[in-house]
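Per-chain numbering from 1; labels A, B, C, D, E, F and G assigned in written order.
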Amino acid sequence: MFAFGIAAMAPALVISRMISPRKRSNPVKFLPMECGQVPSGEGRTHFMMQYYPYILMFVVFDVMAIFLYAWGSALLELPKSATLPMMGFLAIMFGAMAPALYLSGKRRIW
Amino acid sequence: MSVIAPKFKLSGFIQSLLDNIFWILLLFVLIGLPAVFIILIVMPMPVLDGELLTPFLALSYLANPTRILPVIHAFMTTDIFRVMAFPGFGFAALLAASVIFAERKMMAKLQLRVGPFYCGKFEGILQLMGDGLKLISKEIIIPAKADKPIFWAAPVLFVATAAAFVALIPVAPGWVVADIDLGLLAVFAVIGFFPIITILSAWSANSKYPFIGGIRALFQMVSFEIPLILSLLGVVMVTGTLNLSEITASQSNFPWIIFLPIGAIVFFITMLAELERIPFDLPEAESEIVAGWLTELSGMLYGLVQLGSYLKLYAFAALFVVLFLGGWNGPMIIPAIPEQILTEGIEMGPITLTVDGLQSLFGNTITQEMLNGTFWFVLKTAGVIFFIILPRGVFPRVRVDILLNLGWTKLIGLCFINIFIALGLLYAGVLGPGGLQ
Amino acid sequence: MADIAFLALAVITIGSAIAALEMRSLIYGSIALMGSLGGIAGFFLLLDAPFVALFQLAVYVGSIAVLILFTVMLVKRELIFKKIEDKRRKFAGIGLMLILMASLGAIFIDSGIKTITTDEPPVDFRDIGIDFVTYYWPALILMGLILAGTVTGALVLARRVDEEDEQRTN
Amino acid sequence: MSSDSNKPVEEKPETKPVVKKPEEKSVELPKFEKDISDKIVEKFGDKVEVAFVKKDRVGINVSRENVHDVAEFIRDGLNYDHVESVSGVDYPQDNEIAVVYHIGSYSDPTLARQLLVLSTRAQREENPIPGNDATRLPTLRDIFYSVEFHEREIFEMFGVYFEGHPDNRRLLLPEDWADIPPLRKDFAIKGR
Amino acid sequence: MGTATGIIRALNSGIKHLAIKRFTLRYPEEKLKFVGDGYQFDPSTGVGIAGLKGRHMLFHDKCTGCQLCSIACEGVAEAIAMVKVPEEHKHNKKAIMPQIDYGKCVFCGLCVDACPFYALYMTNDYELSTFSKEGLIYTPAQLQVKPYVAQDSEIIITDRGASHG
Amino acid sequence: MTTELPADIQSSSSEIQTDKPSSNWLPPGLALQKVDERIMTLNVGPQHPGSGHMRLIVQIDGDYIVACDPDPGYVHRGEEKMAEYRNYITNIPHLERPVIHDSCNMLYPYVLGVEELLGIEVPERAKYVRVIAAELNRCIYIMYWLAIYGIFLGHSTMFMWPTGDRELLIDLMEKMTGARVTHSHFIPGGVRNDLPANFEEVCLRQVNYFEKRIKEYAAVFYDNPILISRTQNTGVLSRQDAIRLGVTGSVLRASGIDFDVRKKEPYDVYDELDIQSIVMTEGDAYARSKIPWLDMMDSCNIIRQALQKMPKSGSVRVKLKPNPKGKGLDTVYKRVESGRGSLGCYIVSDGKPEPYRLKLSVPSFRNLIALPYLLKGEKLGNMPSVYWSLNYWPVEADR
Amino acid sequence: MSNELIDFTLVSVALLGIGIYGLAVKRNFIRMLFAIEIIINAANLNLVAFGRFLPHSGGQTLALFSIAIAAAEVAIGLSLIIVAYRMYQNIDIEDFRSLKG
C-alpha cells in the first residue's frame, strides 16, 4: 500500500510538472515566502521552541506506552498478581512525569 | 473581449492538440501498458471452458460481458484489487473526496451561505474535480535554496504513509488490505512517520514560516501520540488482541464505546489534533504563520498533501469506528441476493437472461455480509466524520501551549482513568472470559 | 523469496548505515539512519518477531529519529561542515573496521553457529508481555527507574542555564 | 544644535494666524476653562500666552524653550494625562512650523470634556534635511508617553526633529522617500 | 465543568444553525430591490430624495451646459467633462453637456446636488462593468437612456431567520 | 527603514527598542535580553493573512515575542494633504475614505468642525438622522471588525456570520443614503437627503432581528471556552498603562476607564439619549474583544430611542452658500466616538474656502502605540488576537 | 525459514564494524551518536536472531529492553548535545576539552 501510494502519486506530480507552465523570468518569484519582503536571514536557523522538553518526554513515554501494550494484549492470560509489577512501573513513570511536566511548564528556562 | 483572450490561431490549436495526444500516448505506453500487463500477469487467471484464460484471450473476451465476469471475479480476489480499489486506495480516496465535498457544503450551511454551487449541475458537486484540475495545471514553484529531493518527495511520502495507514483498516469481514496480527501497533508505527515527513518538508523549504509551522506540527503530533496510544490501551486490554479485524469481530454484541467512553473521547480529541484540524490546526494557523508547513507548497504538491490529509482523516475516522463503534457490525439490512437470479438468470418477460459468472461473483466475493458490513462501516464512518468536521464551524483555534498542556496533563490523566476502568471491568468479571460477550 | 528479501534488507541496512556516517549533510545522514533502523525492523520481521519490529519502527523511527532530526535542525548548518576529517585517522578507522569484521566473521563462521537452524514455531508476542510481568518484572521496574531517571536527567540537562538573568541584574 | 542658538520663536506674535487675543474674542469666557488658563498664566507668567479660551478648549502658546516645563506642569499640576493628537502646521510666511498638542485627561472626570491645546513653534528651513537642520523641538515623550508615534509622524511629515525622542524614525512614508517632508506647504501636489 | 458545558453549548448552537435559512443573495439571478428610482436632488428645498447612487441619467431638455456638475466634480474625482453635443437646445447655447467617466466616478452624488435644473439624476443601475476603459466613459447620448433595472429581492425576516427573497 | 536617516537616528533604529519611560513605570512583558542567535526576525506583513496592510517586524525567541516594531504606512494616501486643496464641501467624499466601513463616523468630526467654523445651526431632525446613521455605521464597522477577529482566531464561522448579518444594516444604510459603503451622507448643515418613506418601520424590524442575531454569537464565540482560554489574560493593558499610552475607545474602556465621547462630550443629540458606556476592568484581549460586541447592543438601543424621539417631519439640511468660507483665522478641534474610539478633527482655517490645515486624530493611530508593549513577552499565537483586539484599522492609521 | 542464524550474525558483525569505525573516526557528536545507534542495533539484531533460533522469548524481551535503553541514551545524548552547543556554539567533540574539568 505504501509502495502503491508512491507509485500512484508520482505520476500525478509528473503530469502536473508536464502540463503546468514554467516561467523562470523573475528571480524574486522563487524567493521564500516572507510576506512580500525580501527574506532576511537564514531560513533554516538555529531555532528553538520553548517546547523542546515535550519531545524529550515523548521519546521516553513512547517507550513506556508501547511496553504497556505488551502487557495489555496479554492481560487476559495473566494472573491477577501480575498486575502489580506493571502498576509499579506505571507509578515510577508517573512519578517521573510529574517533575518533568513541572520542568517543562516553567517558562523562563527553555 | 480581446483584452482577455489572445488571438486564436488554428495552427496553435492543432499543435496543442497534437501535443496533448502525444503526451497521452507516451504516458499510456510508459505507464498504462506495463500496469495492465503486470495486472494480467500477476493475477491468477481462471480456467474457462477448459482453457486457461491468457491475457490475449481475456482481451478478446471483452466483447462478451458474461464472459468477462469471471475475469472480474478473478481480479477481485487479487491483492492488487484490494490495494487499488476496494478496501484500499480507491475506496478511501472516494470517501475522502466526498468528505471534502460534504465538509464544504456543511460548513456553508452552518455559516448560512451556499458553498460551492455552480460547478456541476447539482450544488457544485463537481467542484472538487475542478479544483483538482486546477491544482494539477498550476505551476510548481520551488523556493530558492530549497532542498529539492526532500521537497519533492515529502508530499508523495505523505500520501503514501496515509495510504499505508488506510491499508490497515478492515472494512468488511475479510476485506482488509494488510491483515497483520499486530495491526494496532502497526498503526502507531505508521502514525510515527507523519511528524518526520512534516518536519522534513518544512525544513527543506528554507523558509521561516514553514519551519515554525513544521516545528509546531512536530510538537503537536508527537505530544498527542502518547494520549493516542494510551487511550487505545483499554480496548486492547478487554479484547486481548492487537488485530483490528479481531477487535472488530469482538464487538458483535456491543461496541466498546459503551464501556470505555473516556477512552473514546480522548481518542477523538487526539484524533483531531493528529489530523491538524480546527480547533487544533496550529501548524496551519493562517493568521500567525501564513500557512504553516504548507506555505511553500504549490500546485500539485499542495494537492497531494491535501489528498493525504483527507486520506488520513478517513483512516482515523475508520479507526475510531473499528475500535469503538464496532466496525462492520450491524443489523443485516441489505437484502440477500436472490438465489434465483444467480442460478437461473433474470426473467424479463419472455426473455430469460442467464449470466454464468454472477454466481461465483456474488456467491464467493461480493456477499451479503460484505455489502452489509461495508454499508454499516461507511455509515458509522460518515457519522464520525460529521463530528470531526463540526468543530471546524464552532471552535476557534487553540494556542500551542494550551494544546500541549491539554495533551500532556489532562488527556493522559483521562487515559489512565480509562485504563483503570478497563482493568476494573476485567477484574470485576463484567468483560473478558466469563463475562459478557 | 526470503533470500531476496534478506539480501535487499542487508543492502539497505548496511548501505544506509554507511551513508548515515558518511553523508555530508547531517539531515540526509539522519534520514539514512532511519533507513538503517527500518532495515533492522525488516530483519526482525524476517525473524518472526513482529512485535519487536513494530516496536523498533514506532520507537526508533517514530520518536528517536524525530528527536535526532530535531536536534540536528537546532544546530547551525555551517558548524557541521567546519572540521575536515583527518585522513590518517580515517584510514586507520577503516582498517580497524575491516580487521574487526574479518576476525569476528571468521570466528562466527568457524563456530558452531553455522549449523544452527530451527523449525520451531515462532514465539507469540503475548509471551513477551507475560515475560515482562512475571519472570522479568524486576528488570521492568529497573527499566522504569532508568526511564524515569532519563527523562528527569535529560530535562535538567537540556534546561537553559540562566545566564541571562545574571546579565539582566548587571 | 542647541536651542539657544536659534532665534526666539515668539518674535512677532501678532502675525500668527492661530493666535487670537482672548479679549478680542468674546466678552464672557467659560469659567472653568478660564480657571485652567489662569492657573497656567499664574505659574509661568509671560512665558506662556493664552491663545484662546473657548468652551471646553483652552489654547496656550509656548516658546520652544519652555514647552517642556509647561507640559510637565500641565501633567502634574492640572491632571492632564494623555495627548490626543499632535498636529503640525506649516507657516512659511513666518518661517515657522507650529506643533500643536491636544492634551486631554482620562483620570480626572471633571476634565473629561476639556482639551488643552498646547502650541509651540519650531524654526523652519527652506531646504530641509530632516533630522539635521535647525527644525528642532524638545520631545514631550518623557512627559506624555502617548506622543511617541505622533512625534514620529510629525518628524517625517514636517521634518521637525524631536530632541530626546529615542526612536525618531520614519513611520508612514515609503522607505525610499527622498523628497521634502510632504505636509509642508511648499510640497505641492501635482496638477493643483 | 464550565468548559464542558461551554463546548456542548457551542456544538449545539452550530448544529442548530444547520436548520436556519441561508442568507446568501444569489446575485446574478436575484437582484436587490432599492428605494425609489435613484438619488435625486430637489434644489428648491435643498434636500435630496433618497435612492441608490448608481449611474447618472441626464435630461437633455433640462441641461443648460452650466458646468456646475463639472465644477463640483473637480474637487472630488474629475470624472465629469463637458463635451459638445450635436443637438441644439434653446437653453443650451454652447451645446455642451456632461460626459462621465465611470472609471473615476466615486458615486458621491455631489454633481446631482450641484445641478440647479433637475437635469442630472442618479439611477438604480449599478452594473457598469465592461471589458475596456473606454467603455466606462458615458457620453451624453448614453446618459440619456433610462436603464432598465430588474429588482425583485428583499431581505425577508421570518422565524427561520433572514433570507433574501 | 533607514535609508535617508542621519547616523544617530540609524543607530537607534537598528537595535531593539531598549528604552523605557523615565518613571518607574515598566512596559508589561519580558525584560529585554541580549539579541543572540536564538532570536528570529519575522516580517509579519504586509502580505500576510494576519496583519492587514501593515508590517509587524516581530522578533521571536522560540514561541515568545521579544520585540515588535509596527511599520504601518503601506496604504498611505495623504488625506490631510489632499484636504488642503479642496473646499469644505468637496472634502466630504474623500475624507470618509480612510475607514469606509465607518464612513459616517469618519466624516462626523469634520462636519461638526466645519459647522462650528461656518457657524451653521443644524435642524433637529437632521441631528437624529445623523445619530441613526452613525450608530448603524458603528455596528457595520464592528461587524466587519468582528468578522476579522473571528478569522484571526481561526473561527471561520465567526467570519461568515457577521459578514452576513452586517448585510441587514448595510441594506438599511443603502436605503437611507443611497450607497452601500461610502455614503457621503453628512454634510455641513445636516444630511444629504431625508429618510425614505417607511424607513422607521423597516429599520426597527431589521435592527431588532440584528440584535437577536448578535446575541447568538455568545454561544459560539464569546462564551466558547477555547476562545476564553486563548484570549483571557493575554495582552493585559492595565488602567495606568492605558492612561499613559493614551489609547482610546474599546481598548480604553476595557481597561476600566469610563470614557465615551458620546457621554462625556455629547455632540448633536447624544445628550438626550440614554447611552450605556460599557466598561470592563480586565484589560485583556478578551475584554477588548467583548466590548465592541456589547457596544453593538447598546447601539441598537440608541437607534430605537432615536427613532422614537425623532421629529417626524422637518428640514434635514440648511442651504449652504456655493463656496462656504470660514470667518477668518480660526481653529477648531472636534471629536466624536467612532467605532474604534475617539476620533478628532483639527481644522485650521485662514478664511479661504479650503482648510489651511486639516488633521485627523484617528483612534487606530493612537491605539497602535499600545501594540509593541502588549506584544512584548507574549506568545506568537497571541499575536493576532492581541493585535486585532486593539480595534485597529490599518488604513485609518495611515490616513 | 530459509535463512540461517549465521546470515543474521554476519549482518550484525558488519553493522558493528561500521559503528566502531564511526566511533573511531568521526569527531562530530551527532555522528558519534549515529554510530552508537548502529552498534546497539547490531546487538539487537543478534539478540532477536539468537532468540529465534534458540527458541526462547527472552531474546525478544531483551531486545525490547535494549531498544528502550537506547531511547533513554539518545535522549540523554541529545540533551548533552544541546548543552554543549549552547555553551560552546559547536558540536565537535574535540572542542569539548574543557568539559573534563
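Quick note on the criterion: contacts are C-beta pairs under 8 Å (C-beta built on N, C-alpha and C of every residue); 3 or more make two chains touch, one makes a residue touch a chain.
A quick note: this is a predicted structure, and the numbers were derived from the prediction, not measured.
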What's the chain with its C-alpha centre farthest out from subunit B? D
Using the touch rule from the top, work out which pair, B-C or C-G, shares more C-beta pairs. C-G
Rounded Å distance, subunit C centre to subunit F centre (Cα mean): 60
With centres defined as the mean C-alpha position, give me the subunit B-subunit G separation in Å. 37
When the C-alpha atoms of subunit A and subunit B are each averaged to a single point, how far apart are the two points in Å? 21
Where subunit D touches two or more other chains at once, by residue number: none
Going through subunit G residue by residue, note those that touch at least 2 other chains and give them in order. 64, 67-68, 71-72, 74-75, 78-79, 82
On subunit E, where are the residues touching two or more other chains? 7, 10, 13-14, 23-24
Per the touch rule, the subunit A residues reaching subunit B in their complex are 1-6, 8-13, 15-23, 27, 29-35, 39, 41, 43-45, 47, 49-51, 54-55, 57-58, 61-62, 65-66, 68-69, 72-77, 80, 83, 90, 94, 97, 101, 104-105
Subunit C touches which residues of subunit G in the complex? 1-11, 13-22, 24-28, 30-31, 33-35, 37-38, 41, 44-45, 48-49, 51-61, 63-65, 67-72, 74-76, 78-83, 85-86, 89-92, 94
Where on subunit G is subunit A touching in the complex? 64, 67-68, 71-72, 74-75, 78-79, 82
As the complex stands, subunit E meets subunit B at residues 7, 10-11, 13-15, 17-18, 20-24, 26, 131-132, 161
Please give the residue numbers of subunit F that touch subunit B in the complex, ascending. 40, 42, 48-50, 63, 150-158, 160-161, 164, 220-221, 224, 226-227, 229-230, 379-384
